[in-house]
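Quick one: the structure is below, and I'll ask about it shortly.
Chain IDs A, B, C, D and E follow the sequence of writing; residue 1 opens each chain.
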Amino acid sequence: PARAAKDRILVGATLPLTGSEARVGGFFKEGYELAFDEVNKKGGLDVGGKKLPVQLLLLDDTSTQATAVSLADRLVNSDKVDFLLGTYASHLVEAQSTVAEENKIPYVNGGGGATKIYKRGFKYLFGLISPVELLGTTLMQWIDEQQKAGKLPKPAKIALVWENTAHGKDFRKGVSDFAQKSGGAYQVTVDESFELNGKDFGALLGKVKAAGVDLFLVDAHLPDYITMHRQYVGAGLCHKVVTYGARGAEKDAIQALGADNTAYVLSGVWWSAQLAAKPGASRDFVGAFKAKYGGRDPEWFQALGYETARVLFTAIQQAGKLDRDAVREKLQALKMPSLLPGGTVEFKPETGNQVQNPFVVQQNQKDGTAPIIFPKDAATGTGTGANPKCAK
Amino acid sequence: MDRFVDLAVSAVLLAGLYATMAYGLGLIYGVLRVVNLAHGGVIMAGAYLGWILHGWAGLDPYLSIPLVVGATFLLGMAMYRVLVRHLPRGPAGGPASLLLLFGVWLVLRNVAYLLFTGNDQVIRTSYSTHALPLLGSFVSVNRLAVLAIAVVTPALLHLVLRRTYLGRAIRAVAQNADSCTLVGIDVERIYTLTFGIGTALAGLAGLLSATIFSFNPGFGSGELLKSFVVVVLGGLGSVFGTGVAALILAIVEVFAILVMPSYLTAAVGFVMLVLVLVLRPGGLFGQRVLG
Amino acid sequence: MTGAPMLEVDGIDVFYGDVQVLYGLSLEVREGEIVTLLGSNGAGKTTTLRAISGLRPPRKGEIRFRGRSLASLPAARRAELGIALVPEGRELWPQLTVRENLDLGAYHPRVRANAARNLETVLAMFPRLRERSSQVAGSLSGGEQQMCAIARALMSEPTFLMLDEPSLGLAPVLVEQVMRTVAELHASGITVLLVEQNLRKALEVAQRGTVIETGRVRLEGTSAELSRNPEIRAAYLGI
Amino acid sequence: MTKPPLLATRAVSKHFGGLKAVDEVDLELAQGEILGVIGPNGAGKTTLFSLIAGSIQPTSGEVLMRGHEVSGRPAYRLVRAGVVRTHQLVRPFPNLTVAENVTVGAIHGAWRDEASPRARAAEVLEFVGLAERANELPGTLTLAGRKRLELARALAIVPLVLMLDEVIAGVNPVEAMKLAALIRRIRDERGVSIVMIEHVMPAVMSLSDRIAVLDHGKKIAEGKPAEVAANPLVVEAYLGKGAAEEGATPA
Amino acid sequence: MRRWAADVPFWSAVPFVIVVAALAALPLSLRISPYERNLVTVAFLMISGALAWNWMGGYLGQVSFGHAAMFGLGGFVAARLMLHENPAPAPIAWLLGGIAAGVFSLGAHPMLRLRGPYFSIATIGVGEASRLLFTYWEEFTGGASGVSLPIDIGMKARLYWWALGLAALVVTASFVIRRSTLGLQLLAIKADVDAAADVGVNATFYQDLVMVLSGAVVGITGGLWASFFSFIEPADMFGFDRSIGFVLMSVIGGVGTVLGPVLGAVVFVLLRQFLLASYPQLYLGLYGILLILIILFEPLGLTGLGLRLARAVRRRRRAPGVVAAP
């Protein structure tokens, strides 16, 4: 009732601005802030014929669950925010979204990719980040094209290596389900997990080497990717296809490892700045981002952050009021043109309100670039089927 | 067979790393009977020092060894003078020194965080990913260099401890401090120097790790835990025991992958730690003081 | 033969924690003398030597060496003045070799340059140690350990040598030998303060003696006087 | 058949590596007796106490109480059976008050005495003369006070046998006399049998009914104080050879 | 005639009962928002955990860096019981989780003969090994992705009273233990195991007893924690940071006292919340500095500081210049 007289819309969020996820937390913050700036520059959101500015109340959850939960609690019950945007990293989102559900407050996030978050039947939780499982599937689809084109052996042996987290487990499911359904075209011969921030992968790589596989499919986060790939190259390993899941095209990593050593590494991401090559939502976003952040190129984190906020804004405008349930209904019914690959965003109850947009697959080149090679409609380059360096 | 060689090679390389991480912890414990929980923080500091020198001055990490070792040596001496000196020695000081140095670690971590943010950093050199064929397997040049240093360091340490007056004084202080005073050894000074050397060894370990791993301010906790395992296994305070224990731990961890999922191999070390503490509190090779 | 006072202990009180062990104890040793400190178990002899060497500074009273107060001089600096102690129970570094034990005896900068020469001297004095020089000290027999401890003290070229029960735990032949050594050291110009329970042996080599009982001086006199004193026995037995 | 002694050791030994700290020692303690144990430093006196009290286990031999073997039992069970020791270096619990220190002792003697632990602690403190200091920390007591505390803590258990390791050592002569008197009262008024280690000769000689002498882990003599003092072995090992040669006997 | 510090007259419980009653009535007042209520609930849970840790670390002097193992085990056992097809009522699940944790901690029995830093290092090993093993045990902990409990809207509100009840119980237990002959014996063991045995204390038994009790209470706390957060994962529940948390709370507040861990837990939760909102970059270092200062200058932590202040004030009152009472 008191909310009716409001002169602005208060949106709360926490992000891991310190702690283990701090780097990405910062990226999401940039995305959020860009979206809020854009709206406020236009005088605010049009809510029921009245322009209301939006304000972001952002707190640092230090990458820990208890803090993410209690700060969300604070945002809802003490700061009285109208809506919530999500934090980053699956475990934080899974813990934090319970607060939104208990308080019946819409919670839109672009940072919780694990499918199990969306299997709890929550009504107020919406996820803009496609399941990591789908990342595994998408990569396999491209690989499958190569195999069909005769560039890869059939059957192909896979070493499937994943970090022991929700992220890694989803990736593993995507790949192994695909392999199982392939009718023998793919065999997973090594299936191993490793601890986050692992130190030495010598033994693991030894096992991979001994198994004599064709495809080396890994899901790792950035530090482990760098550590593992260094040892991989150092141990003289080479496989026809190598991927580290969503990692590979980061400039940091290419710099840390050398363009030579990362050539042909495959990665699947939720969005890429190269999508701006064609006119559309992505190009607009990249332009705005560069203007605000000194010409820097955004990565998928900023794009998802930005888009997450935009989805919430769109639903609010469509509802025409700040009523939480009304906004929730509009989110549920939303079908919005988007910068995400696939071009539209919608939340389907059967997937627990997690979007199912495709991934874009990039492949690193010797010159340090990483063009999109899949799907075709988004491609900015052509992929190399099997790493020519390892002839065998 | 081929596979066996591969695993053996990676075990030896890993042992080199574990050993460098553990020497400093063992030395300080051997002489002062203080468990240096700030060890992990110093490893982290060593990594960042190397990174700064590499990034800002373009200094190769191996060339910056003297600078990093020197800086962490001073840090260690300061830690002893300002903090550790005031603790009760012996069993009574045990938990107190543990907690005090843990506090130091938290501060180091926070300082690093303020200076460098939480981002992961790496040191990349031209040879970071170079490999040499060896025994039908490929071995990273950098890892070989780390191994070499892991072997040279205790040899140097051994020489210093055996051949110099200072080294003999350090060993003597560990055995009987009163007699040292009688022949004119300033025991406090020896403690200060020892703490400095132990800390410098941690700094060196950090620098070397930084050429292999990416790191952030939280770096060092895993290294500390491994160092514990190695030092306890080797008998707290024995330089050679430490080296051998590092090798044992590495072999067990690496070969464990043959019988268990790779994820669990990390637990093997901790299980060994607890078993050794309970069954053979003096370490696998018995209690020796700085042999 | 005896000259100016070299060491003056002046009314010292010494404690272990709250336990008082010495009560206003005074003592004097003159240049070139050999003096023995006698007393039964627990009388405070060792404590007196520890106070002089700085390991257990007195709470009250003063110790002067060649007229200079030692109060502000840390224990580690006293070796510099030529004060050396062969501690009770030898207190070697058991895991260091004999050679290392001896080398460390010459740790002090003033004598470090002469280490090689001093080593030759002491090894000549104790040929047994030359044979054992690479053995760890902890594995020596009691007598050998005693020699090693004396040799270690001599490495610092002391002018004032304190020996705490050097005959403790030694076979009679070795006792004879140690006592002879003490006499030789004295003859070579070193002032000696000898603590002994072995009253007869001690009085044989010493010129003067002081008997202490529960931290206080009970009797003083020349060796001859003390040997004759009827009280001495009772005091010595602590009865 | 004579009644078995209250406490006895039969050929009890303790080896530390190659060192025979205690070597086949036989000892007997009769009800109401005070037995003195003397010997040079490192003779094995304290180790013998630890063996009897169960703090360490003998290498061989046995400890008997009223003819029943008790060796191998952990210390706390021997305490509950009435064998209580004090330590050479006083070991009060520093963070507990004087009264609490004694109460800890009183907890486990309850079966022989109906009083509550706290009441018994109070009574014992009165007996040793520490009642005034009940609520202070042991650190505030003088050494003599702490020795009394150590006695009180042991007495609170209502022991049958009290083993005192150098309780008189280190205190000034006046206090030493008072402590000796207290020890005699413990035997006379409370009927506690006592074994005491002491280097302070006047005290041992006057308090003890019998004296045993240890050297290098072996018992080298035993008997009335005067006999022991005259024993040439004892004189050589402990009292001093110089004394023997002058040919007098101790007072 | 003598006033035994240990004889606590029963009326001294009156202020405590009043405080608990007031706290119980607090959520009924409209002044407190659900956010504040939840914060206090977390503080209650931390109080229970810190006090239970303190039985080991403070009373017995065995500083454990591995209590997260019991916290996590209690949490996951409770969670599994509540997720079962025939779900156990929450309080039963918590209790069983606590029992499981207590039994588990008995496994550390052989470690108890280690003392000082050796014990601490061993607990680090046990803690880390537990974390890895339980993370690997998917059927139980859900592996790295953890388990979610069904959302129960009224649960958080009810948990306030449950947590208060637990905390009140644990505070009472801490007092009773401290003041009873059991507490005396624990402190005696802490001061000197051998001397304690020499006055008849069965150190082995009491150490086991305390370890089991401490583990069980921390386990129950873990169960309540699981219900409160609805989602738990092993990396967090079994994490080293959690073990450290128990240590920090007790040390900052005052090891070995009853009030200390309570203060420590409140400061830990509230200060943290405040710092996180205002200076998120500094809180780690501030804890570090606090820890260093406490170890160097005030071993009894905030409690010791309070006592010192009280003494100073009293001295000031008695100081000359103030007119003495007739």
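FYI, contacts are C-beta pairs under 8 Å (C-beta built on N, C-alpha and C of every residue); 3 or more make two chains touch, one makes a residue touch a chain.
The structure displayed is predicted, hence computed values, not measured ones.
A.B. asks: Touching both subunit A and subunit D: give me those chains, sorted by label.
C.D. replies: Chains that touch both subunit A and subunit D, as defined above, are E.
A.B. asks: Go through the assembly and pull out the chains touching subunit C as well as subunit D.
C.D. replies: none
A.B. asks: Going only between touching chains, how few steps reach subunit D from subunit B?
C.D. replies: 2
A.B. asks: Given the two chain pairs D-E and A-B, which is bridged by the higher number of C-beta pairs in contact?
C.D. replies: Comparing D-E with A-B, the pair joined by more C-beta contacts is A-B.
A.B. asks: Which chain's C-alpha centroid is most distant from that of subunit D?
C.D. replies: The chain lying farthest from subunit D is A.
A.B. asks: Calculate how many whole Å lie between the centre of subunit B and the centre of subunit C, each centre taken as the average of the chain's C-alpha atoms.
C.D. replies: 43
A.B. asks: Indicate the whole-number Å distance between the mean C-alpha point of subunit A and the mean C-alpha point of subunit E.
C.D. replies: Roughly 39 Å, centre to centre.
A.B. asks: Could you state the distance in Å from the CA-based centre of subunit B to that of subunit E?
C.D. replies: Centres of subunit B and subunit E (C-alpha means) sit 33 Å apart.
A.B. asks: If you average the Cα atoms of subunit C and of subunit E to get two centres, how far apart are those centres in Å?
C.D. replies: 56
A.B. asks: Taking each residue of subunit E in turn, which ones touch at least two of the other chains?
C.D. replies: Answer for subunit E, listing residues that touch two or more other chains: 132, 135-136, 281.
A.B. asks: Which subunit C residues reach two or more other chains?
C.D. replies: none
A.B. asks: Do you know which subunit D residues sit against two or more other chains?
C.D. replies: none
A.B. asks: Using the contact rule from the top, write out all pairs of chains that touch.
C.D. replies: Pairwise, the chains that meet the contact rule are A-B, A-E, B-C, B-E, C-D, D-E.
A.B. asks: If you look only at subunit A, which of its residues touch subunit E in the complex?
C.D. replies: 17-18, 59-62, 64-67, 69-71, 73-74, 76-78, 90-91, 94-95, 98, 101-102, 114, 116, 120, 122, 163-166, 168-169, 195-196
A.B. asks: With touch defined as at the start, can you tell me which subunit B residues reach subunit A in the complex?
C.D. replies: Per the touch definition, subunit B meets subunit A at residues 2-3, 6-7, 9-11, 13-14, 17, 113, 117-120, 122, 124, 128-131, 133, 137-143, 212-216, 218, 222-223, 226, 253-257, 261-263, 265-266.
A.B. asks: Can you name the residues of subunit B that touch subunit C in the complex?
C.D. replies: Touch residues, subunit B against subunit C: 165, 168-169, 171-172, 175-176, 178-187, 288-291.
A.B. asks: Of all residues in subunit C, which touch subunit D in the complex?
C.D. replies: 16-21, 40-42, 197-200, 203, 214, 233-234, 236-239
A.B. asks: Spell out the part of subunit E that touches subunit A in their complex, as residue ranges.
C.D. replies: Residues 33-36, 38-39, 42, 132, 135-136, 143-146, 148, 150-151, 153, 156, 229-231, 233, 235-236, 241, 272-273, 276-277, 280-281.
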